[in-house]
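Two complexes follow with chain A in common, the first pairing it with chain B and the second with chain C.
The block that comes next holds the complex of A and B.
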């Protein structure tokens, strides 16, 4: 899906925990996430801290979309 | 370390007074076993049944399969750290009711348990159509959370195997298999010219009812650990998995791990088999990186020339498998990978979620997406409707006449990644 959307010309970012798989399927903008069962959350955190984590991750993904890249780039 | 496995061949099974073996027939005390399992206050009801090879019986949904055994000499009685106090497995003598199995049945999470057909097409795909099975369908008390429910059923299966295994105490084995292996330096001195081979056994340890236990320790919490091969063959490793049925390693398959047995068969002939590294499969990238680094380090410390790696499950653990492969190959240690494939119903899709050019020796144990049609059963143990929610099944998979369509995904042990199954490859 990531590849097809990008091929159509729309910038796309892959938020994924196992970034090695992101790379092997051909994603170019990659944001590493928390864990497979909870990619953009962390049940071990307090609700406030988890909200901050989620906001930070989404912010980073938006930043990745707005960034020009020439090769596979991890936004860590 | 020396381990003797005394096999008492079981040809048939029945309920009766007392639990014993006579002339290859295993008799199980139904009331006694029921009362024993009800000692756990979380167990509300026990339905025991029997399924024999060749009978038109379908068992669904299956959680785990356990081989009934008893310790005759040495430490390691029962399942140490789980049903018995901690003690060392892998030495002395264990009697096995060979050909018998305990099968736990019942919905826990509503998906990712499996089916065993005792005959026909379904029977061809699962190794547990060849065993004389005692099935345990347990109801638990109201209000148990899912994890406690899983634990209750897991322990009941293990305790039932112990209870029935006692029948092997007085019986004379039909065959005694002896496994003996000295320390790593001692064996290497004996076989200086043979390649040193390590076995890395990956285990699903992902929480949410996807767990494996070693001496009762949840393997989620461990760094890769070196074990003597005897330990796994003697009850140190058990399954707590509610995961896709085709390639989860049931407790029975840990007790009879085919990779260990095959490596043993070549020990001192073609290879020097050094031991088993139990590798947890994590849900985080850092966990996967750490476990693969640590596995390589153990292989290097032991001076391994090659590592055989088997996976459990598919999807994200494919990346763990290939990380271990890449790191070992790049360090000059050869690898052979054993994995199944999720290649679509036509078998044309990429088999693994991840790829690596270093993976040059890979054994495929089958395509989990292959669809099979299973004829109606004369008797169903459990709940046939559950196919709608099993991984590999779908709503409408159970036809009105009782015919079942499903992917191999739903058939217990059908694509076993430790090779404990019936699928073979043929090149045309």
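The block that comes next holds the complex of A and C.
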């Protein structure tokens, strides 16, 4: 899906935990996430800490969309 | 079968002996005779079947007027009532391949007719129809005609007589991406070990599970000004509205859904939950934004970091979902995003 959407020339960032799959399916902008069942969250943290973590992750994904790249790039 | 079965043949303007590129704009026409490859093809049927007529259509016309072309072809097919429709072979000719592919798909889906065509593996038409029709693998140029026609004819005979086809590599057609249950004499562990031994010895072996080949897409240019950008959210994590109104499968998804989230500050629970069958959904059901962070995107929009969150949220289930379905979903969703002028996409996966 990532690849086919990007084929339209729209930048897309893949937020996923198994980043090897992200790469093998052809994602170019990749933000590694927390865990498979809660990629953008961590229920083990306090609500405040989880919120901060989530905001940082999504913020990073947005920055990835605004970053020019020429090859597969992990935004860590 | 004492009576001969009937085949309707489709060719482009070139193989229909009308002309070259200058005739590529010709609308489809029907001739109640064998034209071009249809003659050699009928010979290869060895008297078991006959070609009752040939539809000839310009490659440009078909691709630019697909609906009109298919309407004509469907009407002709209904009148001629063939047992099998045969198209091409198109070798590596893209437009011809797309025409054969779309035609094959339409015949199979709408008229439930068996279709046989022939193409080079990388012809874009292969992906259009390989799971609907039988696509014989051919060389990339018309030099392979003499090899392609007998293979197509042999498969046509089987389809017309209702004989089950063997494995793709045995019959010479392109794998359809389907798995079949069959009995093997040796159990899996024995087969795996002998395969491994063969590999270690540098001998030939044939995998029972070929890995899909992935192609690469160039990175799209970055968003210049995030503060003016519309960003869309998409997930393969199976987050759907309560009741799963579109019935998105919990595994091996056949479809995707889009839901209007313009009036929401995030994905509420209950209200949204995960229908995904491939991970423990407890955390997602507690807070669906952990999988599809709509709440934070809305917050970034409020803060002015981004211009806007796209009104629609896109979702499907990414477990056991075939590459071809995922490609189809991506193409369909991407077309909507492109049309709407969306500047960037966040896609989350579990």
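Everything that follows uses one rule, which is that the second predicted complex is superposed on the first by the 76 of 76 C-alpha atoms of A that agree within 3 Å, B and C clash if a C-alpha of one lies under 4 Å from a C-alpha of the other, contacts with A are read in each partner's own complex, and residues count from 1 in each chain.
One rule holds for everything that comes next: contacts are C-beta pairs under 8 Å (C-beta built on N, C-alpha and C of every residue); 3 or more make two chains touch, one makes a residue touch a chain.
Just so it is clear, the model here is predicted, and its values are computed rather than measured.
Chemist: Per the overlay, which chain contacts more chain A residues, chain B or chain C?
Modeler: Chain A has more residues touched by C than by the other partner.
Chemist: Which partner does A:62 reach: the first (chain B), the second (chain C), both, or neither?
Modeler: second
Chemist: Please work out whether A:52 is in contact with chain B alone, chain C alone, both, or neither, and reply first, second, both or neither.
Modeler: neither
Chemist: Touch check for A:37: first (chain B), second (chain C), both, or neither?
Modeler: A:37 sits against chain B and chain C alike.
Chemist: I'd like to know which partner A:20 touches here: chain B for first, chain C for second, both or neither.
Modeler: First partner only, chain B.
Chemist: Going by the contact definition given at the top, which residues of chain A touch chain B in one complex and chain C in the other?
Modeler: 17-18, 21, 24, 36-37
Chemist: Which residues of chain B touch chain A once you look at their complex with the stated criterion?
Modeler: 206-208, 283-285, 288, 316, 318-319, 322-323, 353-356
Chemist: What does chain A use to touch chain C in their complex?
Modeler: Listed in rising order, the residues of chain A that touch chain C are 1-18, 21-22, 24-26, 28-29, 33, 36-41, 43, 54-55, 57-59, 61-62, 65-71, 73.
Chemist: What part of chain C is in contact with chain A in the complex they form?
Modeler: 214-224, 226, 229, 231, 234, 236-237, 279-284, 286-287, 289-293, 296-297, 299-300, 305-306, 316, 318, 326-327, 329-331, 333-335, 337-338, 342-350
Chemist: Quick check on the complex: what are the chain A residues that touch chain B?
Modeler: It comes out as residues 17-21, 24, 32, 34-37.
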